[in-house]
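Chain naming follows the written order as A, B, C, D, E and F, and within any one chain the residues start at number 1.
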Amino acid sequence: MNNLPTIDISAFLKEDIGAGDLTALIISSSQEASATVVTREGMICCGQAWFDAVFEQLDANVKITWHCAEGDWVDAGAVLCELQGLARPLLTGERTALNLLQTLAATATQAHFYAQAVLGTGCKVLDTRKTIPGLRDAQKYAVVCGGCHNHRVGLYDGILIKENHIMAAGSIALAVERAKVIGSILLEVEVESMDELAQALEAKPTRIMLDNFSLDALRTAVELVNGRVELEASGNITLDNIRSVAETGVDYISIGALTKSVQAVDLSMRIDLEEE
Amino acid sequence: MNNLPTIDISAFLKEDIGAGDLTALIISSSQEASATVVTREGMICCGQAWFDAVFEQLDANVKITWHCAEGDWVDAGAVLCELQGLARPLLTGERTALNLLQTLAATATQAHFYAQAVLGTGCKVLDTRKTIPGLRDAQKYAVVCGGCHNHRVGLYDGILIKENHIMAAGSIALAVERAKVIGSILLEVEVESMDELAQALEAKPTRIMLDNFSLDALRTAVELVNGRVELEASGNITLDNIRSVAETGVDYISIGALTKSVQAVDLSMRIDLEEE
Amino acid sequence: MNNLPTIDISAFLKEDIGAGDLTALIISSSQEASATVVTREGMICCGQAWFDAVFEQLDANVKITWHCAEGDWVDAGAVLCELQGLARPLLTGERTALNLLQTLAATATQAHFYAQAVLGTGCKVLDTRKTIPGLRDAQKYAVVCGGCHNHRVGLYDGILIKENHIMAAGSIALAVERAKVIGSILLEVEVESMDELAQALEAKPTRIMLDNFSLDALRTAVELVNGRVELEASGNITLDNIRSVAETGVDYISIGALTKSVQAVDLSMRIDLEEE
Amino acid sequence: MNNLPTIDISAFLKEDIGAGDLTALIISSSQEASATVVTREGMICCGQAWFDAVFEQLDANVKITWHCAEGDWVDAGAVLCELQGLARPLLTGERTALNLLQTLAATATQAHFYAQAVLGTGCKVLDTRKTIPGLRDAQKYAVVCGGCHNHRVGLYDGILIKENHIMAAGSIALAVERAKVIGSILLEVEVESMDELAQALEAKPTRIMLDNFSLDALRTAVELVNGRVELEASGNITLDNIRSVAETGVDYISIGALTKSVQAVDLSMRIDLEEE
Amino acid sequence: MNNLPTIDISAFLKEDIGAGDLTALIISSSQEASATVVTREGMICCGQAWFDAVFEQLDANVKITWHCAEGDWVDAGAVLCELQGLARPLLTGERTALNLLQTLAATATQAHFYAQAVLGTGCKVLDTRKTIPGLRDAQKYAVVCGGCHNHRVGLYDGILIKENHIMAAGSIALAVERAKVIGSILLEVEVESMDELAQALEAKPTRIMLDNFSLDALRTAVELVNGRVELEASGNITLDNIRSVAETGVDYISIGALTKSVQAVDLSMRIDLEEE
Amino acid sequence: MNNLPTIDISAFLKEDIGAGDLTALIISSSQEASATVVTREGMICCGQAWFDAVFEQLDANVKITWHCAEGDWVDAGAVLCELQGLARPLLTGERTALNLLQTLAATATQAHFYAQAVLGTGCKVLDTRKTIPGLRDAQKYAVVCGGCHNHRVGLYDGILIKENHIMAAGSIALAVERAKVIGSILLEVEVESMDELAQALEAKPTRIMLDNFSLDALRTAVELVNGRVELEASGNITLDNIRSVAETGVDYISIGALTKSVQAVDLSMRIDLEEE
C-alpha cells in the first residue's frame, strides 16, 4: 500500500538537527553500523516513505530493508526494518525518523481498530478536519492506510451545511438551494432532529449528517431515508459503541478522535556498531 | 505568560482553506456574527497568539477578547474568548483556530499535571525530542506554558551521550573527554547501572541521565552523587509514579509522553449570527 | 462573492521586486498619487483580495476603493478600482497586482461564458486538473467566482477510474469494487462506449464520465441511465457546442480549457501624481 | 539547449497529490508500465528538466527517454518521450508533468513563432514583466528556449523610465539624469511622440522605447536616431504585423502576449501496463 | 531613500526565537519600556524597513521613530532611532533587528566609501555576484543605498563572457556572436590583454571588462576604445587605489569586496524600563 | 569532521540562477570539463557538504574529489578539490558553491585562530547570537568546525539574564529565582562589577558572564568564585588580548566578531574544457 503522498522532510530534519548533531562528533566519521527498528506494540505500519526520506536526505548510502509492507499489521515485538550504513547518519536521523513513524502509525493503527470494529456492516468510517496542524495530508493518508476513509480534505472540496449556514439562509431548503448553485463533489447537510432530517431529505443533498442521534433515532432515520441519500452518523461515537452505530445501517460514521489526538506507537531503534 | 514564539500560520490555513471555503458562500458577505469558544474540559490555555493570528490573517477586523491569560488554568465549561466580526471569516477560521488551540492546550495541560505532581519536591519535569513532526517549537513552548521545562531543543544545542557513543569511544571517560573538546551548554551522559554512574561521575559531565533506575537505585544514586552533578531520571515514568521518583531527590525527570502524544482538549466554538 | 482563499503574495512580489524598484528612486519618497484601474474588455472581476494584498504588503497606507464586487461582470472601459497613496508603492506594485488580476479574471471570465452558455439547462460546468502549475487553488477559486464548479481538486479528494485502472483491475466491475474499498467523496468511472457505460452503471459509482460521446450517444446514455447515477460529458467540448451537450440532459460537463490556458484580460492602471 | 534554470517541483506535486493518489491504489504496487507522451500540435519542446524532476521525485527508478532536445521544434503527432517504470508513479505524476510541459511549451512555441516572423531582419523580440504569477523565471526561460530574448527580469535589474517618472522628475532630461545617478545595466526611456524621442535622445539612455508609434513614425525614428541608441518598439504588435515593425529597423520589439497569456499545447500521455 | 525591496523577516526571527524567549519571562508582560539605538561608528543607515518589520511582526504596537533617513550618513555616537512599547518584544526583537541593521549598514557603508573615493570622476562602482549566501537581494539593495551600483544580479540577467566561454566558442568573435543570438540586457566580455581587447572591440559587445590591467594599460585601453563601448575595470582594486583606476577614464569598476565580506557596524540598543 | 547540519541549497541557487544561466548557452551542452578549487589563503576547510549539494542539485553526475577533510587546516595555494563533469553545470554552479565555501570557511578559520590563541589554557571560546541573518545554523556549525564552541543558539535554549531583566525583577537574586522557575539547560547572569558578581554567586546560576572586566578584575573574580560556578568573559576581547584573558582562569570567552563579520576566504575555481 503506497499511493505516493507528497513528502517534504526538510523542515522536520531542520527542527531536530539545526547546526548539526554535536554528539555524533564523538563517533568516527567512518564508523559503520547496523540498526533494527522494533515496535513494542501491535500497529499498522505507516510512513515508510517518510522514514526512508529522512535517511536518504542525510546520507544516500544508508540501506533500509523493510520486513513489512506499508499498511500491514505488525505484532508487538516485531522488527519493522533493518538499516545499514555509517553510524553518524543512523544516529542523527534516528529521532526524526521514529517521530514520523510513531505519529503516522498511531493514526493508521487507530483507523485500523475503527475499521475492524465495523467490519462486515458495510458502513465506512470517515475522518474529519480535526487534525494536528501541519499534518492534514499525512494524517489523511494514514487514515486510508489503516482502512478508514477520507471525508472532505478541507473547506474547499466539499460543502457541509451546518446550523449557522441554515440560519443564515433561512431554512434547510434555501441553504441547499444556494449550495447547489455553488456546487461541489460533496453536498452534505448536518441535521439535529427528525424534523430537520425530513427537511433535508426534501432538499436532496448528496449526504445527510445525523449529529448526536440516538441508536433508535439512527434506525428510524435509516428506515425513513431508505437509500434515497447517504447517511453519516457523527458525535459521541467511540470504539466501544461504533459497531452498534454501524449496525443501524448508516453509510458512514465520522470520528474526530481518529486525527485530533495522537497516541504515538512505542518504537525503538537499536543500533549496533560494526567492529572495525 | 507570553514569550513570543515564532508563528507561521499560513501553512495551517492553506491546508484547510485551499481554493476557498465553498460553504461560506451560502452566507451573505456582510452578515455579522459573534462567537464564543468554550472548553468542555479543564485545561491550561495555550496558543492564544496562534488563535489570534488565524483570524488576523483572514480578516484584520475580527475582534477577539480573551477571558483568560495564556498559561492560566481554565475550568470545564468556561468561556475562553469571545469573537466579533463578519460571519464568513469566523466560520472559515473556526476549525484551524480550534485545531491549534486544542493541540497546544493538550500539551500544556499535560505539562501542568506533571508539574503539579512534583510540586514542592524541587524536581523539574523536562520534555524530550519525541515530538510531533513540525511542531517541535510549538510543543516546547506549550511545555513551558504548562509549568514544565525544556530539555535540549534538538541535536545541536546539547550533548547527550548514549550507549552507542560510549561504545564508539571505548568508555564513558573517553566519550566525555571527546565531548568536552566539542563543548556545548549541556553535557549529559546516559547510564544504565550504578557501575556506569560511578564512571560517569568520575568524568564530570554537566548532568547524568539515570535510565530505567528503580526507586531504590535512584535514591542510592542521589546519595552517592551528593550534589556534585545534576541527575535526571528517565524511562517508564508516568503521572502515577512521578512523585515517588521526584521524591528520590533527582533534579530532573524527563517524560517523552509530554510531547509525543496529543490528547486534544475538547473545545467548541458557538457562532451567533446578528439580526440584520 | 468572497470565500477567503488562502493567499501568499510574497513570492509574487519577490519575483518582480527583488532587490528593489530602481526606477522608483527617480520619484520623491513623499510624492503622493492616485490611480485608477480600467479594463479594456468585459470581464468578471476576480482577485480583489490578491490585488489588495500586494499593496497592503508594500505600504499599509495605500487606500483602495473597489467599484465592483468580486464576481461581478464589468463592461469594457469601466473603472474597477481607485487607489490613493504614495507614488512609489503604487508604481512598484502595479505590475504584480495587475498580473494577478488579469490572470484570475481571465479564468473567471471564461468560466462565466461557459456558465452562461448552459444557463437554464440544469447542467453544471466543471473544471479539471489541467491547471497552470502553482495556481491550482487560485484557478479553482476563479472558476467558482465565474459561475462554474469545481471537480475534484487533486488526486487525493476523489477517485476517477480511467482506462488504465480498469485494465489493471481486469474489468470496470472489479475496479469499482476496489475503489469502494478505498472510498472517497467522489467515485467516478470514465467510459468510452455504450457497452462500458452499461458495465459502469451496474457497478454503481457516484458518477460516470462519458468521454468523447457524440450528441446522439449522450442522449441515449441519459435515457438509459435515467437518473440512477450522475453523468458527466467530457472531450472536445467548446463554447460553440456546449449548449447542445448540456441539452442532452447530462448533469456535468468538464472543460480542460477553463484552466489550462489563460487569455489575460487587458487591464491598465493610470497613475496621477498629486501637485505638491 | 539547457541552461539549468532553478526548479522546485515540490509545490507543484503537492497541489495535485496532497494526501496521496487514491485511484492509484486500484493498481498493484508492483505493476510495471511503459508510456509515451505525444503532442497533438507542432510545438517547441520546453520543460524537459521539470518533467523529469516530477518523476524523479515520485520514484527515482522511472526511466525517461527523450526523442527530441530541449528547444527543438516537434511536429504534431510526434512522440516526445518514452517512460518506463512502475505504473503507480507514472499515473500519479502524469498530470503534473504534462501541466508543466504544456505550459512551458506554450510560451516557447509562441516565442518561436514571433522569432520566425522577424527572421533575417536583425530585430530581436523581447518579453515583458506581464507574466503568470509565480512563473516569471520559468516563462523567461521558455522565451529564450523559443528563440526570443529577455527584457529586464524585474524592477530590480533595469531602469525603465515611463510617463510618471518623467512627470515626477519634471522632464525626460531630469529623469534620465537621476537614473544615471542610480545606475543599472539597462537605462531605458519610454516615449510617446517624436518630440519626446528628441528629448530622450539628447539625454543619452541605453535604449528608447517607442510606445504605440505608427510604422511611419518608427521609420522616421530609426532614421533620426541613426544607431546612436537602441530602439525598442512596443504596443499593439501581433504576429500579423510584427514583421513590418521589425523591417522599420528598430533593434527590439517587446510583446506582452508572449508571457501574459498561455495557450497550453495539447499533449497526451498513453500508458500501457505490462503483462504480468 | 526607500525603493521597497522584498523583505521576509520570518526566517530571521525563527532562527533566534524558536520556541520563545525564555529570559523574557522574567519580565512582566505589561512592563513598558523605551529604547534607543546608537551607532558606535560612522555609517550609512541601511535596513530600516527590515528593522521595523522585526518589531511589527512581534508586536504591532511598538512605535519606532527614526532620526535619520534610509541612505543617510550618520556619525559615530548618533542615535539612529527610538522605540517605545512593551519591554518583552523590545528585548526579544533586539538581536534580530540589530543583526539585520549592522549587516546591511556594513555593506552600504563600504559602498559609500567606494563611491566617495571616485567622486567627480564620472566612474561608477559596481558590485559583483560574490555575495553572502541568502542575502543577494538585500546586499544589492544596500550597495545602491550606499551610492554604488548593481552589476547583473545573477546569471540570468546579463551575459558575461569569460575565458572558458571564449575557449569553448573558439574565439572572442565567435563567443560574442553566439551571445548575440541569445541576447540579454547586458553583453559583456572579459579580456586579459590588449590583444583580447582589440578582438572584443571588433565584436561589439555592450561592455568590456578589463581584468587585472595595470593603470597604464587601462589608460591605453580607454584611449583605444574612445567611447565606442563601455569599459569596466576589475581585479585587485581596493579603497587605496580605486581613485587612480577611476581616473584612467573607465566607466565602471567592479569590487567583489563590497559584498563578499561583511564588517558589521557596531550598534547598541539601550533599553529603559518605565517606572510602573 | 561532519556532523550533518541541515542544508537547503535551493534558495541559494535560485538567487543566482533564476531563469537560467544565459552565458552557459555559449558552451555546447555535451562539453566535458574538469576543475580545481584553490585557496589563496591558509584556511580551515568548512562547507564541503554545501559545496557538494550545489553541484548535486544542478547535475548529479558531477564528480567531486576532496583533497582535505572538513575541518582541516589547508595552506595557501593548496588544491581543495577537483571536479569532473559537464562544463555547463560546473560554470553555472561555480559562484554559488564558492560563495558558500568562502563564507563558511571564513568563520571556521576565524574560529581556528581564536581556538589556537587559547590552546592549553583550558578556556573555551564561544560564539554569540550576533550572526549574519539567515546563517545562524551554518555559522554555529562553522564555529565548531574551526575548534571553538557554541553558546546558546537562540533565545529559546538558554537563559541569559542581563541588566534589564535584573532591573525588572528588582535584583539579581529575584531574577535568578524567577529564571529557575522557568528552567533551561543554561542559566547565566551577566554582571558588570565585583558587587554584582557577589550577588550572582549567591543566586547560584549555571554560569556568570563577566562583562568588560579588566584582566585584574577577571583574576580576582576567578579566585573569588573558586570553581563554584562557570565564568565567561566578554566584551572588547580580540585575537590580540584573548590569551591574557584566557590565562586569568575563566572557563569561557565569548566573541561576537566570530560570526557578526565575515572576511571571505579568497578562493578560485579553475575550469579546463576537455578536448572534444
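Observations on the structure shown:
The rule we apply is simple: contacts are C-beta pairs under 8 Å (C-beta built on N, C-alpha and C of every residue); 3 or more make two chains touch, one makes a residue touch a chain.
Quantities reported herein were computed from a predicted structural model and do not represent experimental measurements.
Think of each touching pair as a link: the shortest run of links from subunit A to subunit E has 2 of them.
Each chain gets a centre from the mean of its Cα atoms; the one farthest from the centre of subunit C is F.
For B-F, the equivalent interface among the listed pairs D-F, A-C or C-D is A-C, as over half of the contact pairs agree by residue number.
Interface note: subunit D and subunit F, two copies of one sequence, contact each other through mostly non-matching residue numbers (shared numbers fall below half of all numbers used). It takes 180 degrees of rotation, in steps of 5, to superpose the Cα atoms of subunit C onto those of subunit F.
Taking the mean of C-alpha positions as each chain's centre, the chain lying farthest from the centre of subunit D is B. Annotation: 42 Å between the Cα-based centres of subunit B and subunit E.
With centres set at the average Cα position, the gap from subunit D to subunit E is 30 Å. In terms of their C-alpha centroids, the spacing between subunit B and subunit D amounts to 49 Å. Shown for subunit B are the residues that touch two or more other chains, namely 17-22, 24-25, 92, 136-138, 140, 144, 150, 153, 156-158, 182, 184.
Inter-chain contacts, as defined above, occur between A-B, A-C, A-D, A-F, B-C, B-E, B-F, C-D, C-E, D-E, D-F, E-F. On subunit F, the positions that touch subunit E within their shared complex are 11-12, 15-28, 31, 33, 87, 91-92, 95-96, 98-100, 102-103, 106, 129-138, 153-162, 164-165, 167-169, 175, 178-179, 182, 184, 260-264, 271, 273.
Note for the complex: subunit E touches subunit B at residues 10, 13-14, 17-22, 24-25, 29, 58-59, 88-89, 92. Across the complex, subunit D meets subunit F through its residues 1-6, 8, 136-138, 140-141, 144, 150, 153. Those residues of subunit C whose C-beta lies close enough to touch subunit A in the complex are 5, 124, 137, 140, 144, 149-153, 156-158, 182-186.
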